[in-house]
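Each in structure tokens, the structures are laid out below.
Here come two complexes built around chain A, the first alongside chain B, the second alongside chain C.
The block that comes next holds the complex of A and B.
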């Protein structure tokens, strides 16, 4: 039981400490890995004329990003996941190749990495 | 037994955390986003949740520079987001609307309102802080909602063709992107 109490205490501490990190945020961009940068670029590229939703995509009655446009995010997402040491086989096993799952997984890794960078900046300061 | 309960508790919490999903606003433009973000129920539209005061996301604020607006849920946004929203306007029917603080019991992960709403729409104007005026033609209502059989309207191009905006969903994350 003690173990869990301690674990909870540390989690809470961790959460509190995460809340005060706005100040160091500007430096995050300069410390990103190339995989993180590519992931950013992929998201931004959705606004490029050739990547904007086409006629057919505009008529769809769903909020989910179209497969064509998800495919624009998948290579950078995979790259980012692979950069953490996870293998291609593991990605396939965990996501069964589902593009949404791959992108969301990569997003979580991205956020985690950004937090780590922020923490490093904090300890350096 | 205690152990099992603890593990189950943590599992339940992480499950509830996932309800409603995360909202991310990526503003890639040189203009300020000034708008409303709206969540609703995918079936009957109600309950509807919206910010009480305008949401402002400065120019060039996105995941690329760590300045994106990110709301993981109605409550934790207040302590974890760069753009904390203190109050939510909650409508449970056409005639019943209340202003609720960010930590109201119905809005916390697992709360009734939290469990029954998803990010649905945004209504915004883009503001040029340089000239102190709104950008002509760069304002829109975007929606990914299909409640009451409404059709989603998730894209917008400015008449000049210089800018665009869209709202879309990838799995559990809802994005609003301004280009």
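The block that comes next holds the complex of A and C.
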């Protein structure tokens, strides 16, 4: 009796997983890792009213993002770099804590991962 | 005596090699990636341009050909992660650019992105401007934005803004250690 119960349970599980495979949405957005999503959100947050460039930042004669606004991107950038298995110590050694280097490094990882996701979708379809 | 001479020679060679490497790095440093994030519900339709920061007239001045199926260079609504690493790899982007209209003192030529000339052009220009109209889902124009790095675009005779507030959207152009970003938000 126990055997049958288990067998039924596994069969049901198997059916559910097969069903889910068919309904999975095949787009890049749905396959992004949580760290990639947070990285996205950080860049988007630059447009929130409190994060917009202030008077002083707009008067500067450079296109370089201000340190105040770079700091908004650093936590999500670090999180994304760490998610690839790179350690905090390696980040410090490679970037000496420079915010720009951390963000650009994370951007490269982000784009590489997006490309991989896109390629996987292509081969699956 | 011979040993010291040989030693000096090797040292000089090192210096020459490292100088050459540095020159190479500097000449390629001008070509940096562009990342476009359109967070708005509007489509952006206009002209994307890269030009030289140092040559008179901004030559070579490169305008992107329309990305298919559009009639002008277009970034659809809610489209992010549009990256162009260089002009001569622009077909690999989410919104591929297959052709560039390049103006020099000699005139304007249309080049395919992978034309052998594009590598040299790409390394001598910087991302300078995206001059676009925001359009709603009915195709009605809302605002005109002239975004770009004024220091670079002025070389080609275009004045641009790093930050602009429209009636329904805001846009900004900024760089992080050489990487260039254009972001458009609803507000």
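Going forward, the second predicted complex is superposed on the first by the 99 of 125 C-alpha atoms of A that agree within 3 Å, B and C clash if a C-alpha of one lies under 4 Å from a C-alpha of the other, contacts with A are read in each partner's own complex, and residues count from 1 in each chain.
Rule of thumb we're sticking to: contacts are C-beta pairs under 8 Å (C-beta built on N, C-alpha and C of every residue); 3 or more make two chains touch, one makes a residue touch a chain.
None of these values were measured; they are calculated from a predicted model.
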Regarding the shared-chain residue A:53, is it in contact with chain B (first), chain C (second), both, or neither?
both
For the overlaid complexes, name the partner, chain B or chain C, with more touching residues on chain A.
B
In the overlay, answer first, second, both or neither for which of chain B and chain C A:71 touches.
neither
From the superposed pair, tell me which chain A residues show up as contacts to chain B and also as contacts to chain C.
28, 40, 43-44, 46-47, 52-53, 58, 63-65, 70, 73, 100-101, 103-104, 107, 110-111, 114
Touching residues on chain A, where the partner in the complex is chain C:
28, 40, 43-44, 46-47, 49, 52-53, 58, 63-65, 70, 73, 100-101, 103-104, 107, 110-111, 114
Chain A partner contacts - residues on chain C that touch it in the complex:
35, 37, 39, 80-81, 83, 149, 151, 162-163, 170, 172-181, 183, 185, 187
Residues of chain A that touch chain B when the two form their complex:
1, 4, 15, 18-19, 22, 25-26, 28-29, 37, 40-41, 43-44, 46-47, 52-53, 58, 61-65, 69-70, 73, 100-101, 103-104, 107, 110-111, 114, 118
Note which residues of chain B are touching chain A in the complex, please.
2-3, 6, 26, 28, 62-67, 70, 79-80, 82, 144-146, 151-152, 154-155, 157, 164, 166-174, 177, 179
